[in-house]
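Both complexes shown next keep chain A, but they swap its partner, so chain B is in the first and chain C is in the second.
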Partner chain A sequence: MSAPAKTRTEPAGTGTRRGSRRRKQGIAGNALWFWVFVGPFVIGLLVFSYLPIIWSLILSFFEAYNTVTPSKFVGLQNYVDMLTDRNFLSSLGTFTIFAVFIVPLTFALSLLLALLVNQVKIARAFFRSVFFLPTACSYVVASLIWKLSIFNGVRFGLANTVLGWFGVDNIAWLSTVSPPWYWIPLITVRLWLQLGFYMILFIAGLQRISPTLYEAAYVDGAKPGWQVFRYITLPQLRATSVAVLILNLIAAYQAFDEFYNLIGNVNYARPPLVYLYGISLGQIQDLGHGSAGALILAAIIMIVTLLQSRLFGFGKAGD
Partner chain B sequence: MPAHVPNAGLTRRDLLKRTGGLAALAAFTAACGGNTGRPSSGGGSGGDKVNLSQWYHQYGETGTQQAALKYAKAYTDANVTVQWTPGDYGAKLSSGLLSSKGPDVFESQLNIGMVKSNQVVALDDIMADVKDDFQPGDLATNTVDGKIYGIRMIVDPQVIYYRKSLLDKAGIKPPETLDDLIAAAKELTTNKVKGIFVGNDAGLAMGGPALWSSGGDRLTADHKPGFGTPRAAQAFGKLHQLYADKSILLGSPTDWTDPSALNQGLVAMQWIGMWAVPGMQKALGDDLGVIPFPKLDAQGKPAVYSGGWTQFVSAKSPNIDAAKKFVKWLWLDKQDFQEDWALNYGFHIPPRKSLAAKASKLQSGVAADTVKLTADYGHTDDPAWTPKMNTAYNDMLTNIVKKGADPAAEIANAEKTVNAELSRLFG
Partner chain C sequence: MAVKAGRNRERTSGTPQPIGFSRSPLGRVGMVLRWIALFVAVVLFLLPFYLILRNALSTEGDITAPSWTLFPSHLQWGNIKELFSDTQVPMARALYNSAVVGILGTAGQLLLASMAGYGLARIPYKHADKIFYAIVATLMIPGAVTFIPSFIVVSSLGWVSSLRGLIIPTLFSGFAAFLFRQYFLGFPKELEEAARVDGAGYFGVFWRIVVPNSLPFFAALAAITFIGNWNSFLWPLVIGQDSSSWTIQVAMSTFITAQTINIHELFMAVAVSILPLVLIFAFLQRYLIQGVTQSGIKD
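Let's look at the complex of A and B:
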């Protein structure tokens, strides 16, 4: 590569060296600032994510009661125990029911909200903020509001007060197993908390669609409304839709706060994270089985996510 | 090094220095964030005194936190800081005991797992002179392999308190058997008031007393499951009947440990501890009666769960001797503080016989009745009963009570887990 023209005019042995030094200093400075900004996150990632995962992997092959130090090698026994543990399997069942409701509902409602907000002519930013605002609320706080104010089982709970106007008896929303009313607070609280986030993703997706496509569709005789949505909007939102579905399913696997705070650690509505928390970080402190369960769950999430991505062709050229 | 390499000019030494600096910074900030409850400086304001961290769960009775702080401040041989923990104290404590950042002194309930994993130290030396002044049950619940690991701070009997007026109005006598209780709860249930409140989980807290009332126990003396009898299955089935009859309050904003449901007239009876007596008396005056968990039938016996809190010294404490000295001072020597703790906020029975005998606040009314019921029918926890066994037992009860599952099948499932735990612990 030839040297830049500017350096060629400078006296030999001065400018080139000075420029090279400056460039080196600049690169060194860049590297320094790179580490200043990225370093803490890298260290955080190593210390708080990778090391615990590695340690968890080690613990999963050992007996470790009331200690994080491996005490007795048990091979794959913890994995076998977890995969035959009816409570762990039942927790996966709880997750499945939750996901069956929450994933399509979140998808449909956040898309609907995005379409509505995107069409609003005035105060669009206001509506976007209003629906996005609950995302900033803590799951714990929202769960407590749902539990204590809206869905408590006595006559002064909001839901029971409204039902009372129609002569319906009080319902113990969070304590009745048959019918399983507890799903209503569990699902509505999560919808309230996360719809706004997915709505924003869909709005971003909608704004990426070229208006010329719609114009062409109208020229070709497409009717505004369902037909345009079905043949233009939805296909153009494919990448966003797949991302929303994948994120939603992963978030459903990670359900903890609303279950723990609304219902507690009970076996009829215990998702995997609540069960694993109870085993390893709660009072049982069985970190061997807990680690094995956590790694099984991580493997399930990875496999399902990969399958989902493959099924929907996520990330392929053109997305 | 070629100029196009991005980190040209940054030698390995530089990189190590800088990442080392960042790691040190991260460690420093992490240390700043770790709240162990101990003062931040080595000596603190007390010069050469050691620092001790004492952990409590959040008591519901007003004034208890201030009292705990007052006791800590009054101790002059060490700097004692109090960590008051709202929420899931048990989980926080379990995690704290895994590391050296946990408490030096803490309250909890003993289980053999804590001893086997060397989390608590034996306190026989400081208990030697006063052992005879404690109730045998309170010593047994803190003893493993002949060593005493904790000092009982308070005894909390759990029983059924009821509104006398509501029972009188319905012409119902205080229930003596489990069938009486089921019938009374049903009779007392109206569209405004439920018969009884036993917790939003439909009565897991009564799992032990129901078993005792049938003549069973969680574990036998030779460490075998003691809840696999037909009579135990019958008792659990009765708890399901109470639930299925819709006579119990569910979905209360506060749980069974708080007297609000009874005080606010949402229920006629409530399963709760004696700690709530001052609050209930304030709200209901003399309209308050008490019964133990009723006997299953004529062959059974009423039961009272004699729960409570115990003080322990963490084996991971860097100042075990100082911690033991503080624990001895507070829970054995300072009888005025012990009396204050047991009687001036909620009501608890002082574990020391000598103190309980002169506790004037417990010598009349429902408090006196509860003390007598505890003496007659009290059961304390067996330290061999671990949290894992308890989880299996509670899952069994949930399936029986709420789902109406077959008690025999559920008992067999819980026994499997309990047997596995027993073989791990006792071989």
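Let's look at the complex of A and C:
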């Protein structure tokens, strides 16, 4: 982020020809023009960003069933309820397991794809496009393919057909709780959808590394391959790596689409957002508890993001 | 930008390889392994697209057969007609809604954010910093947890199950405004000054000089935003409580859980729903990649 002082750029009217009268009008006019440009956006932000958060904060101290107006003040009770709600806590657990798998896997595989694509001499654009193409698909579309075509557990489905060649019985991928097979579709669908995105970030990062560094390492006798990767490429990718990790973790926290479409609102494998959606917009529209839960979740995400960026020094290494 | 830089480097960095695997004693083996890995990855990444095509052109029996086959027994092109004539499936309506949300949502978001970004970057105003921080502060709030708060506001405005409710709350992207501000800070001032000397005001300079000269940046953000809007699911699901306001994503999701649609029709719907994105991808890929790098790194 650049210094805020930069916003004050040029002197008001350059006022060369018409002298000081015009300059004075210019300064008064600047405020007006500023609001003409920025005003509509700021009003929208107030109504659709600040107001919702404040309203939700108020509502979280009240009872509000089927209504968006607070009905009965309950103090911190909604928060206490949510923090002792076994379903809400287990949804946080679901998220944790998901993040433990998806964050390192996405990081490693997207970096690997970026390295592979970056080293190819021919048809590089083709390979990049192929890996990037799923990024354009929606989670709904991908979930439908995964649920109805690849990991359909009942009697048809690609995965079970392939396993059948090796004499393995049909597996009900999405409903088998022990062993928790449902993680395989859940994790592979997200990998397919987002690897290309992070690969592009890594490729951009790789291309910012100066070739002279590699030349220097080569002259100094660094062994091409692992040594060069470990001591040149990886440190140079630090800023990108931190961005990828943080974006990835935030995205994992906000998991909703694929869980909702693949598994639905069940008490295993239910991330926080699916649970909150269920209580606030399901049968009983309990917006008081829903608001409290959403704010708890927002607080957790912000704390984790801050900790993570402290830990990895986000911004320090940024270019 | 990234694309061009890549090509240049390919040419200039002739001697030392980027990571120089081929110089290692394992050069040849490494090379073969690398190509095998690439081809396996290509097959895995393309497989789901093939499955969409295969199932969209299959009969229901082909899809639900006990053992899966690579090709359907015959190509059933009639599925597309069946999809749009199915009376219990508001597919045409859902596509229309998605198109309106995608186009108006993208245009509105870019217009509002580019104007805000330009004002913040170029118009001197004593409270500009405070406004800027107020905008950046909204980026701290994780997007998806705001669906309940936003629902509360939209519902009290009476906008549930309406296109207004789908579009208007999504128009004010603090992130887009931030990106535009950063971009306009780097926009060459000389171009603007020439126009100002000729007597153009802020509005004239913005519309006639700045916007026309920033089209690649607009294209990059437009591609990203349109895809995001078209694929968005949680917000349309929250707002679309009536089937007349379903977007294509909500419609597909509803049919899979309710099982009220034939499976081959559903896959045809999937194929139809990704068509606009494949077209954008084919024609705007360069801008799309630019947008990803811009919006990803700076987050």
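Simple rule for what comes next: the second predicted complex is superposed on the first by the 270 of 319 C-alpha atoms of A that agree within 3 Å, B and C clash if a C-alpha of one lies under 4 Å from a C-alpha of the other, contacts with A are read in each partner's own complex, and residues count from 1 in each chain.
Criterion: a contact is a pair of C-beta atoms (placed from the backbone, for glycine too) under 8 Å apart; a residue touches a chain by one contact, two chains touch by 3 or more.
Because the structure is a prediction, the values reported are computed rather than measured.
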item: Partner chain in contact with A:L297 - chain B first, chain C second, else both or neither; value: second
item: Contacts of A:I250 with chain B and chain C, given as first, second, both or neither; value: second
item: Chain B versus chain C as contact partner of A:D169, first or second or both or neither; value: first
item: Greater chain A contact set [chain C / chain B]; value: C
item: Chain B versus chain C as contact partner of A:I284, first or second or both or neither; value: first
item: Touching partner for A:S56 - first (chain B), second (chain C), both, neither; value: second
item: Which of chain B and chain C A:S178 touches, first, second, both or neither; value: first
item: Chain B versus chain C as contact partner of A:V68, first or second or both or neither; value: both
item: First (chain B), second (chain C), both or neither touched by A:L148; value: both
item: Which of chain B and chain C A:A31 touches, first, second, both or neither; value: both
item: Doubly contacted chain A residues - partners chain C and chain B; value: 30-31, 36, 40, 44, 47, 68, 147-148, 155, 157, 264, 277, 281
item: Chain C contact footprint on chain A (complex, rising order); value: 1-2, 4, 6-12, 14, 16, 30-31, 33-34, 36-38, 40-42, 44-45, 47-53, 55-56, 59, 68-69, 112-113, 115-121, 124-125, 127-150, 155-158, 160-161, 164, 192, 196-198, 200-201, 203-204, 206-207, 211, 214-215, 218, 223-225, 228-229, 233, 239-240, 243, 246-247, 250, 253-254, 256-257, 260-261, 264, 273, 276-277, 280-281, 287, 290-291, 294-295, 297-298, 301-302
item: Contacting residues of chain A [partner chain B, same complex]; value: 20, 23-25, 27-28, 30-32, 35-36, 39-40, 43-44, 47, 65-68, 86-87, 147-148, 151-155, 157, 169-178, 264-268, 277-278, 281-286
item: Residue ranges of chain C in contact with chain A within the complex; value: 2-3, 5-6, 9-10, 12-13, 15-21, 23-24, 26, 30, 34, 37-38, 41-42, 44-46, 48-49, 51-52, 55, 63-68, 112-113, 115-116, 118-126, 128-129, 131-136, 138, 140-153, 155-156, 168-169, 171-172, 174, 177, 182, 185, 189, 193, 196-197, 201-203, 206, 227, 230-234, 237-238, 249, 252-253, 256-257, 263, 266-267, 270, 273-274, 277-278, 280-281, 285, 288-289, 292-293, 296-297, 299
item: Touch list for chain B against partner chain A, complex; value: 3, 6-10, 14-15, 18-19, 22-23, 25-26, 88, 90-91, 94-95, 97-98, 113-114, 116-117, 119, 191-192, 200-202, 249-253, 266, 386-388, 391, 395, 398-399, 402-403, 413
